[in-house]
Every structure is written in C-alpha cells, then in structure tokens.
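Structure provided below as structure tokens; questions to follow.
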Amino acid sequence: MIIEGIFTAPVLLGAAGFAFALFLAVSDMLLEVKEDPKVALVEKALPGLNCGACGFSSCAAYAKAVVEGAAPIGKCTSADEESIKFLKTIFSSASSPEKKVAVIRCAGGSAVKFPYKGVPTCEAAALVTEGFLECSWGCLGLGDCEKACPQGAIKVGSKGIAEVDHSKCTGCGLCIEACPRGVIELIPAARRYYVACLSTDKAEVRNYCKNGCFACGICAAKKFNPDGVVEIKDNLPVVIEDKLKDPAQLLTAGSKCPVKAWKEINF
Amino acid sequence: MRPATFAGGVHPAQHKDSSAFSIERLPAAEKVYLHLSNSCGAPSKAVVKKGDAVLKGSIIAEPDGRISAFIHSPVSGVVEDIKKWPHCSGKKLEAVIIQNDFKDEPAPAGNIKDPSLLAPSQISEIVRNSGIVGLGGAAFPADVKLSPPPGKKVTTLIVNACECEPFLTADESLIREKAADIIEGAKIAARALSAKQIIIGIEDNKPDAAQELLNRSSERIKVKLLKTKYPQGGEKQLIYAVSGKKVPMCGLPLDVGVAVMNVGTVFAVYEAVVKGKPLYERVVTLGAYFRKPGNVIIPAGTRLEDIINFRGGLPDNVNKIIFGGPMMGQAVCDMDVPVSKATSGILLLWGEERKEYECLRCLRCASVCPMGLMPRESFALYKAGKAYDKAMNCMECGACAYVCPSGIPLIQYLKLSKKNLSMSNVRLPAGRDLTPLSKNGS
Amino acid sequence: MKREFKISLSPHDFSATDVPAVMRNVVIALAPAMAYSFYLWGKRAAFLYSVCVFFAYASEYAFIKIRKKTFVNDGSALVSGLLFAMTLPPSLPLSYAAYGIIFGMVFGKHFYGGLGQNIFNPALLGRAFLMAAFPAAMTSWISPLDALTTATPLSAWKFSGEIWETGKILMGNCPGSVGETSAVLLLLGGAYLLIRKIIDYRVPLFYLAAVGFISSLFYFFAGESYGSPVFHLFSGGLMLGAFFMATDPVTLPANFRGRVIFGAGCGFFTMLLRYFSGFPEGVMFSVLIMNALAPLLEKIPAKESFGENNSVKRERNR
C-alpha cells in the first residue's frame, strides 16, 4: 500500500505537471504579442529613471513613442552622450537637447521668523504664514526637492538650504515641481553663473538676510558689464541670454558682487 | 423633529469672560494701514495716491472684479504711502498708509432713502459701495451674497449669531446693545434677497443676547436657540441645525435656498443703508491676557501694537497672539500687523507646546468632524504620498486637531491634501478611486 | 520691544486628553479589577503585575534604544504589561510571564514599528506565545484564596458539563486568570471608559451582543448543555477582552463600520471556539483573528461625508 503510494504520487503529479507545462508552452506560442525589437533597444539606451521630464509616464512609454515616431529622441534630458549617440545609430536624425541644470536661487542666511513645528516638509511649512523665514522667497530647507530628485543630486546641506550636485543633475525639473517656494530654476549648463537670490526687496533685504541681493547694480554697471548681458529687473539681476556669448562675461559682471550672490555651477 | 444642532463637534472651554464688557470705542491711532486685499477674492485697486488728503469714510480703493470690495478710510488725514506691509496671513501685501490728522472730518454722506422704498438691487448697490464684507471671518463681499444669480431663489435668510469660537464675544455684545438695529438690518438684507423668512440662530450660552432678540421676534423673524457646541457657527452646520437642510458638498447655501449672514454684517448693512455709514470699523473682542480686555470698536487698519498700547501694554505671560478665535484664528508674530474688517477678535495667549505622539487610530478626529470626514486619512495618505480625496469638504474648523490625543497637526495635513487636490497638475494622486471632488475642484 | 511669538496653524487650543491621559484612564478603569485580584491571589498577583510591567518597560526601552530613537513614556507599555498580567493563570511561574511579555512587546509591537503600527494586541500575542510554548502551565488553574488545583468555570463546563452558580461568576470568586474573574468590576471599568469616551462603544457593544445572541440561540434551540447566555457573558475573559483587549484602537480598523463588524466577529469567533474547539476559552484567539482581519475591514467604504450624497444628485441633474 505505502510503497504503491510512493510511486503513484510522483508519476501522477509529474504527468499533470508535464501536461500543464505543455499547455503553457503552446499557449505562449499562440498568444505571443509581437513587439518592435527597436522598443526594447531604445528602452535600454534610456536611463530608466522614469522621471517624466519627456512628458511620458515612463521610459518604456517614451521608448514606444519614439519608435512609433510620435516623439523625437531629444526629449530625454537625462540621457548621457553615449546613449544619445547610440540612439542616433538607430534613428538617423536626432539632436541632443541643450543640457540644463537646476540651481537653487537662494544662498541661505535669512533670519528665522519663528521656530517652525509641524509637518516636516517644505510644502507644509509654506502653508504656515508663508514659511518660517523672514525672507518670503528663501529656501526652507526641509528637503522636498531632495525627496523628489531621482538622481540623488540634491542634498540639504549644512547651511540649511538645498544644494545641487550639478555633476549628477540631469535637468529633469522634478525638483521645480516639488518646491513650494519656486526657488529652483533650470538654467542652461553652458551659462555657468546664476544669482542665488530671488528677493525683490531692495535695501530691506539687509534687514533679514546677509546673503541677499539688494539690487546695488554693480553687476549691471557698464564697467563690469560692457556687453549688457546683465540687467536689473524687479530689483534682481537678470541674464540676457541673447547677448550672452561666453560665461566669462558673467564672471566679470558678478565678481564684484558685495554679497557674493553670483554663484557658479559646480561640475 | 428638527435637530437643534449637528453631528460631531467639540466642547472647548468657553472662556467668554469678556462678554461682561459693554462696547467701547478705541481711539484712532496716529496711522492706519489698510491692506488692499481686505476681502476674499481679488485685491482692490487703490484710487488715492501718496499725498492725497482723505476724509473719514471716503473711498480709498475700489473693487477689482466682482468678488472684491470698496475700502474706506476710517480717519481723516493724508495718504502717507502705498507700500508692502505685513498682513495677518504672514505675507507682505500692498497697503495704503494714512496719517491721521485727528480732525475726524467726515466725508459727505450720500442722500439716504427710506429702506422700505429701495429696490433689492439698490440695496445691494449701497452695500457694495459701503465696502461691506462678511464679518464672520471669511470677508466675502456681502453684496455678492445679497444678489443671487438669476435662477437661484433665496427663501430664507439665516443670521449667524452663534459665535461658537471660545473667547470671542464681539457679536454677543453687539446683539445685547444693538438688537433692534440688527433686526432692522436683517429685514433690509432679506428685502434685498426677496427672502420670505429670517431665522436668527444663536447658541444657548448667551441667554441675555438671545432674550434681546426673542423680544423682537415675530412671525417672519424667528430666533432659534442652538446647542452650544463648536463649530455651531459653521455655515453648513448652522443651516442644518436651523432648517434641517444639507448643503451639498462643494455647494453653496444658495443651493438649498438659503443665505447666511453674520450678525456683524447685518448690523453693517443697517448702518450703511439707514445711516449712510460705510464699513470702516467693527467690534473686536480683545480677550484672554489683555491688560484691559473688552469688546471694542476698532477702526480697520489699526496696528496691533497701537491696540495693545491703548489697552495697557503687552503682558509678560504672552507667547502667542491670535487674530480671530483659538480654533480657527491666525497666529501672528509681527506687531505691525493691522486689524482688518474680518478680524473678530485679538487674543493674547500663553500657548503650551502640544506634544506629538504616534497616531493611535482612535478615530476621535472622525467622530468629532462636523463634516463627517476621516481627518486621519489625510495624515495617513500624505505619509504614503497621496492626497485625501474628500478633503475639499473640510472647512478647517480644527475640531479634529483639537481632540487628537496624539497632537497631530491634522489641519495642516488636510490643507496639504486640499492644496494637492486643487492644483491643476495634480502632483499627488487622490487616495481613492471615488473622487467626485477632485474632478469638481473648487 | 522685539519679542518672540509662537506661530502655528490653528487650532490653538487642545483637549486635555492626550495619549498618556488615555493610557492613564485605562489604568484607572482596570484598578477595581486589579484590586480584587490582589484580594483573590495575594502576593502571586502582585508579583505577576510587577514582573510584567517591569519587562514591558524594559523591552520597550531596550528596543527603542536599539533603533536609536528617543524613548517617550506614553504609558502604553504600562497598559500592555498590566493587561498581559491580568490574562495569566495565577500559578504561572514568573519567568514564563517575563518571556511572554517580552515576546509580546518585541514581536507584537516593536517589530511593526512601535505604538500605532502594530497589527496585534501585544498583550494577547504574548499570551498566545505562552499558550504555544507552555501549554501545561497556561492551562492549570488554582482556586482563589486557598490555591488548590481546580478547573475554571469554563473548563468545568466544557470538560465535565458542570455549570457554576451565576452569582459566583459575576463576583469573580472563582478560578481563572489573574484579572479576568470579576465580570462586575470589569464592567464597572468598561463603563468608566465608555463614559469618558476613551474606547469606542461599538466594539464591546457588538462583541457582547454577538456572544449573547449566539449563546441564546444554542441555549434555547440546541440544549441547555451549551450553557446559558448569562453564563457565557460573564465567565472567562470575555469582559476583559471586550472592554480592554478588543478596544485597543491601534489594532482596530480605522473605520466605524469596520469596528461594528470587528466586534461582532470577535463574538462569533469566541463562541465558535468555546463550543467547538479543544479550548474552553476563545476570547484571546478571536480577538487576534479579528486583529488580523482589521486591515481588510478598513477597506469598507466610510460613511459619506456631510452633503456628499446631495452633490452626487446634483451632478446627475446637470
């Protein structure tokens, strides 16, 4: 009895298993969905971050759109040179997008209005009387952008504000969406220099922030800014992109800044 | 049987000590600071320039769009400047600063007509020109309420005399002293709305004030005593308690044929229509640790520091200043902030830090929510990166955060859910699939 | 005069009932039954309570330090320790009690992330562990005052068909776990918690209603040997379970409708186990089973919020 059971059980189960395997194998062959092999290739070349900067929900969706011709190659801001080159070998016409990086337009240093207690996100802190800083533009430093960054390029540093590691930044722009203060901006990486302040206050800035731009106008002065690449608008220096040919123009303009509000991208 | 109250709610300590004081008048300050965004909706447009002379009651700003209001000067003097000035929301907003000349020259009043001869549209025009906004807190322009869109009919005007917030007694003292005028104002407002019935809802913790109103009630003007419970004065709660009608989610009182006005607003309507006086001052409760508490008529735009100095200075045992009541009021930290038309009280408090513990899932928040929400979900879903789909129905009364034994800032989480739901590019997905609200937006 | 003022979102006033106050109220509610257990079991009860509370705190403190968090005394360890001790047989060796509460606190609470995160009631999980590890010690009972080996009313009913006098069961002058015997005093404590609104009335109400309903059905239709509803309601750990164990909010579904089902389900499983399982008592396992089902019960759609139905109608009309 027992011996018989030992034999019949594996034989029966084995036979059943084989039958099911056969069924699966046959149905796999019959029901196979043909996919363009290019889609898999494109997807492999993409960074696979699913950051959404291209406007599609995932890299796979973008890859499909590229292959179907519904989207151009250049939409991916995170793809490195090599993968662009690789994509170009698959599709003849593709232009690489202008490389952009995110910059934090705040250098920290604003006085604190009141000690904040509550939900520890920037988004939540911004709801309580417009944030806990005297400066109503400044970075709150609770790290919403840090959480949003798929590259791990943003860290809230020792100064209590977010800092971007530009060598890691791919310019996807997710941090801009995450920031309730709008203190992050995408600038062309080639520009190299930016103003780390957004306060439109003039002299009052000095009352609450030691690093704030108070629109002294030195950077826009003829002496340091002969080509007029910098203009003061709304009490802030603005870079006129059309006139900008060489980032060195900005370097000379910004070098005399009394509060060192002009910062350089750190590659 | 009709309910005399609503489901849920809390019973915070009343602290209505200042109800013992009768209304007095605060002297005008040297300068007044009138923010252009003085009502809900669009900020008004200034019609005066730096250096212009203004009279008491003359217009200094006009509405910019339908949901916006006129602003009148509470003093006579000279416009010193128009610049950014701290607002009680914490922002710095454009404000007209007027240097008081202490002459108190009134602006010439328009000719006053007998209110019973005025057409409804004329009444709401006077209300608009008098800069009347809802004095309950939201500062919604009153004339918009008084002229319902075509097709909508208002059958009942409910006058909100609940004043359910602890500490506040401004409305109570106003009813006690001006009940006849309030009734008259309610009649005028009802005339503008062509409403057949007026119901005044008042909590049963103000027997004197309620008696004043009851003495003047009639077939058309009823006074309904309501249970003392917070937030009895919430618009939807009041309508439900008084009439048994439920205002639909994301709907307006208009949808159930009702208009709700605060007693202060109704009184302002009376003053505007019968006496031709625009709204530039209001009764404010100065409560809690004020050296001299009371119910005081304060000109709009008076700076907090001036008010405190007029009332004996700032006591040492104060670490929190609140504009409004303790449940929904705004904490301010800047002594330069002026009172606005919407400020119903100023409280000087000693606020202890609420210790935060883990959520026990006890659902006290849900059992007190007057809107039948699950406030806990906004907290749990936010931690999971989602928004609470029904948060749009929340009116931020604070009952949930009041009872939470874990001290979780639920109002903040609910606000976050709301913010994320109302953003056009919804960053956080709604927590559930059943989201009639997130589609409606609001 | 530059003074610092506190800023926070509204509300600026809070009720006095915070988490430690909740726990304090539970301890107050337990006090009468605890006092009675000192009378019944004397030193044994005192030792069991102190050992359980000590190890509850010790394991909680140790685990929180291992996780490098700050220890906050919210009183939940005290409640867990006391409740756990109340469910133990008075003759249980103290070392076993220590194992049980350590298991309950570590595996039942802190492995899930501490207070507010646990799925199972830590005290009951500790007891279930002891049931599995030391079944003999967990099922041997002594009679109160003279400490002779005997059977509890429930096991006497189950295994030998004897039914105790109702009066003795009500007062609690009968063998059983340390703190479970006096139904009247536990009811008193439960009433206190209900009046102070510390616990959700739905859970004990539907728990006891389900037990009463099911036992009535059996008593009146299947025969008196199933035991009367009064006997089932007041014997064993039902009162302790219904008012103090099942009502632990952390392990309840965060949904009012779910809580009704939770209570009724506890009653159903309790009676199922009492009638048909090998154990005479089923409160512990039934609460643990329903604890496990709580996340599922949470999926029941909540009651519609104020005016929500109207808005749906409005949309249809458009």
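Letters A, B and C name the chains as they come in the text, with residue numbers starting at 1 for each one.
Operating definition for what follows: contacts are C-beta pairs under 8 Å (C-beta built on N, C-alpha and C of every residue); 3 or more make two chains touch, one makes a residue touch a chain.
What you see is a predicted model, and the numbers here were worked out from it, not measured in a lab.
Viewed as a network of touching protein chains, the structure reduces to a complete graph with every chain in contact with every other. Chain nearest the geometric middle of the protein is B, using mean C-alpha positions. This structure's chain pair with the greatest number of C-beta contacts is B-C.
Mean C-alpha position of subunit A lies 51 Å from that of subunit C. If each chain is reduced to the centroid of its CA atoms, subunit B and subunit C end up 46 Å from each other.
Each chain gets a centre from the mean of its Cα atoms; for subunit A and subunit B, those two points are 42 Å apart.
Shown for subunit C are the residues in touch with two or more other chains, namely 4-9. Multi-chain contact residues of subunit A, defined as those touching 2 or more other chains: 113-114, 117-118, 127-129.
Shown for subunit B are the residues that touch two or more other chains, namely 90, 330-333, 409, 412, 415.
Subunit A contributes residues 113-114, 117-119, 123-124, 127-131, 136, 177-178 to its touches with subunit B in the complex. Residues 89-92, 330-333, 353, 382, 409, 412-413, 415-416, 419, 425, 427 of subunit B are the ones touching subunit A in the complex. For subunit C in complex with subunit A, the touching residues are 4-9. Of all residues in subunit B, those touching subunit C in their complex are 10, 12-13, 90, 166, 236, 240, 246-251, 255, 314, 318-322, 324, 326-333, 335, 349, 351, 354-355, 357-364, 366-367, 369-374, 376-377, 380, 390, 393, 396, 398, 401-407, 409, 411-412, 415, 434, 436, 440. Touching subunit B in their complex are the following residues of subunit C: 1, 3-15, 17-19, 21-22, 72, 74, 114-117, 197, 200, 249-250, 252, 254-256, 301-308, 310-315.
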